[in-house]
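What follows is a set of structures for review.
In the two complexes below, chain A is the common chain; its partner is chain B in one and chain C in the other.
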Partner chain A sequence: MSESFAIRTNDLTKSYRQFVAVDSLHLAVPKNRITAFLGPNGAGKSTTIKMLLGMIRPTGGNATILGHRISSPSENCRLRQRVAYVAEDKPLYGFMTVEQLIRFTRRFYSDWQIDQEQRLLAEYRLPLPKKVRSLSKGMRTKLALLLAFARRPELLILDEPSEGLDPVGIEHLLRMLVSQAAEGVTVFFSSHQLAEVERVADQVCILNHGRLGLNARIDELHQSYRRIDVVFETTPSERELAVPGIERIRSNGRQMTVLASRNADQIIRRARDLSAVSVEVSPVPLRDIFLETVKED
Partner chain B sequence: MLWYKAWLETRGRFLTCLITLTAFCFIFVHHAQEIAFRGDGLSRAGRPADYYRLLFVTQQFLVMMWVVSVVLLGMGGLIRERAFGVSTLTLSLPVSRCRLFGVRVAVGMVEATALVVLPWCAVFLTSFSAGLPIRFSQVSFYIFLILGGGLSYFAMAILVSSVVEGEYTAPAIAFGLVLLTAIAFDAWLRPYSLWRLITGDLSIDRHTYLLSSGFPWSGVAVSLAAAVAMLFLALQRIRKRDF
Partner chain C sequence: MLFQKLNPGTGQPLYLQLMQQIQHAAETGILRDGDQLPGIRTLATELIVSPNTVVKAYSELEHSGHLELRQGSGAFVKTARRTRHLADRVQLARRRFRDLIDRLREDDLRDQEIQRAFEAELLAAVEASGKR
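Presenting the complex of A and B:
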């Protein structure tokens, strides 16, 4: 049976003495989809990605990428043949020219797409003879993306890919991600730009304090999450509205705003039972879902 | 292509050291020629010991400059890349850490070899063309001494750069260790001094300034074993480290 997940982690843990960076992470990233990996700064996203690529050794648990065990150095080496990774700071060898870096990277991948390379070179207007160290941040990001897209990966892991890009570059990147996914590439990317995520992602994983707070399809989130604004005749107690699925209640006199992750219909019925004079239901943007998931208790 | 990267990374340091060492040897031999054969009526072949003494002095200076050069060439690798933030790019390539390390060491060794062979070739050719008494066996003796005994300095630099982060900290520690070992050997273990071994001080006849005893195989073997041990430790460190 072929594996339907590109990435699977089981109890994956990384701790540094007392500090637990990634805590018993159970993550399943489906193949051929765009999965956004979200979380506040320091949530453990980059540590997780580095563990998956064998740069950091897990202190516990295990994981597979495209069926390869990450803990085996030989398997990890083989999986890197099938995975393209663009790190957060877009690190590139400053002592090479753009041309040298492309030629250097190309030699490691037998199915390098020259046509894709040439197309992106033209679109990004990258200066071939220029030293990488003299490129602007945006140009470095474009070069890093070119190196990732041109190698025909099965899995594309991107850490903050739009950082440093101008709006035109971001638009191009998002289109590229969608087209890559359409060609059967699994895209796994971390981002703080929730509007971009909402546009392209099929699936969202939210990490908080090293733990998985949420892993769901984005269309399911849009269907199940609801914001319900209720106005009562008299000021009710929040406890009276206690229904499973309520994530947060904000009260302001007779007005109450409820964020529900499920059971919206049941919550509305309960509100009407409590003599609600007005009930308004609206969809919840990803930003609110994210903030709710990562909120401090 | 890892060779290509290692070459691009070190070529600036390597070429600077090579030009310096070769130019030094060329100038020194020209100068030595004037000192040893100052128009005193003696034929050029008449006073070879003076010239061999000057070649021995050349070797002393060459060793000093070569050790500085190989320590500089030994700097770099994944730990330095981590400090600059590019280790993630290197480690995302489909190659093992062993191979990354192996290529870096191999390129460094080839460069270290060139830094001995080419300057001594310059000495040989300059002397030969000037009609000065120079033996090929003596030149190869000096070359093998530096390579056989001196590669432990390169290995030490690799080990230090695999343990210590920081662009300036690692070379500072490496040069400190070179000085420390030189002083320690000179003070307490003079007959086993690595410095004296690779300069030829332990094997030279003080009258003729030619190789007096056989090649110091045991000393060279111990030094090479130490180099292998240090490279092994450095590799283990790189394999187990988080980046």
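Presenting the complex of A and C:
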């Protein structure tokens, strides 16, 4: 069953005393795809990722990565060989030079590709003799990315990889993600950059208050979500337009704006039945779908 | 052919945008029968989109008879006689649209209003005919 999923969590929970950071999470990340992990700050994205990698212990539930149970220390060791991870705060050994850190890391992994390492060193223009602690934020990010991309893992997990990068760096990062995916690497990355996500991701998981708000293919979201602007002859009540799939209605007098997650055609027909004088349909960008999913009621 | 960057902001799935680019290039003669398209990885990294987007566009185009996918050697353009007829029909449709747009503009409608009305009507027509 875990065959088609790279990551699968079952009731995964992490609470700190009263505060529930991750709340009975059921997450299924398909293999051979690029999945974006979205959510507002504090939604529990990093906590989830750290639990998956065995860096913090869940208070409830369980999960598997590439079929390995995260609760088992011996399996955790094996899965670290098959997974590459770029952490949010890019914690690197500051006392080492760039060259020392690369040489140090290289020894741990049998899947290390020296030609890729050399290519990225040149592209990122990383200063080999410089101490890691004296690198700028962007340079640290690039170094952390190099350490992940120089390997050939089955699964690549990145926690806000574009943080601190300039537009050129972001473009390069996205190209790397796409090229890794083309080689069969499953990519799972968290991000706040919705425009980037919309371009490269196949799938989005939106986390809100430690729970999964949405898990869907981006193509399907684009095809099913619609904004429908209606002007009526006389003011109808919102209740009259009750059609499944309506996420939200904003109305002002005879004017009504409907956000529909599905059934747009049915909603249009219903609006016409209610003597709409004008019906306009437009697509919904991922940003709006995201904001709708995480809005506070 | 020169591929244009896909635009995620339009709400139209990226694979559809890519399909349209390739179909358009075949209709206008930029791509000829038998021309080879770039490999999945090459095109995905060039456009910076998921490889699955390219895979989906290619396989849909194969399904509709616009491409031939040969195992191990790539994707090749197929312009059957039917597609050439289609190209003529599309040309005609475009002329009709141009006339209609001119008239709607004369009626003082803005382009965005025309576009939204068109999409609403298309959606209603799809619903009426009961197919996608």
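Note that the second predicted complex is superposed on the first by the 295 of 297 C-alpha atoms of A that agree within 3 Å, B and C clash if a C-alpha of one lies under 4 Å from a C-alpha of the other, contacts with A are read in each partner's own complex, and residues count from 1 in each chain.
The definition used in the following text is that a residue touches a chain if its C-beta (ideal position, glycine included) is under 8 Å from a C-beta of that chain, and two chains touch if they have at least 3 such contacts.
Since this is a predicted model, take the numbers as computed values, not measurements.
**Student:** Who does A:Arg119 touch here: chain B (first), chain C (second), both, or neither?
**Tutor:** Touch status of A:Arg119: no partner.
**Student:** Between chain B (first) and chain C (second), which does A:Ile56 come into contact with in this model arrangement: first, second, both, or neither?
**Tutor:** After superposing on A, A:Ile56 lies in contact with chain B but is clear of chain C.
**Student:** Considering only the touch criterion stated at the top, classify A:Pro285 as touching first (chain B), second (chain C), both, or neither.
**Tutor:** Only chain C is touched by A:Pro285; chain B is not.
**Student:** Of the partners chain B and chain C, which touch A:Arg248 in the superposed model: first, second, both, neither?
**Tutor:** A:Arg248 sits against neither chain B nor chain C.
**Student:** If you tally the residues of chain A touched by each partner, is the higher count for chain B or for chain C?
**Tutor:** C
**Student:** Output check: A:Tyr85 vs chain B and chain C. Expected answer is one of first, second, both, neither. What do you get?
**Tutor:** A:Tyr85: touches chain B, not chain C.
**Student:** Give one of first, second, both or neither to describe whether A:His209 is in contact with chain B, with chain C, with both, or with none.
**Tutor:** After superposing on A, A:His209 lies clear of both chain B and chain C.
**Student:** In the overlay, answer first, second, both or neither for which of chain B and chain C A:Arg152 touches.
**Tutor:** Neither chain B nor chain C is touched by A:Arg152.
**Student:** Once the shared chain is lined up, is A:Ile268 touching chain B (first), chain C (second), both, or neither of them?
**Tutor:** So A:Ile268 only meets chain C here.
**Student:** Considering the complex alone, what residue numbers of chain A touch chain B?
**Tutor:** By the definition above, chain A touches chain B via 50, 53-57, 73-74, 77-78, 80-81, 83, 85, 87, 89, 91-96, 100, 103-105, 107-109.
**Student:** State the interface residues of chain A toward chain C in the complex, per the touch definition above.
**Tutor:** Those residues of chain A that touch chain C are 32-34, 171, 174-175, 178-179, 181-183, 195, 198-202, 218-219, 222-223, 225, 229, 264-266, 268-269, 272, 279-286.
**Student:** Where on chain B is chain A touching in the complex?
**Tutor:** Contacts found on chain B: 1, 4-5, 8-9, 84-89, 91-97, 239-240, 242-243.
**Student:** Could you please specify the touching residues of chain C with respect to chain A in the complex?
**Tutor:** Of all residues in chain C, those touching chain A are 6, 8-15, 40-41, 44-45, 48-53, 56, 113, 116-117, 119-120, 123-124, 126-127.
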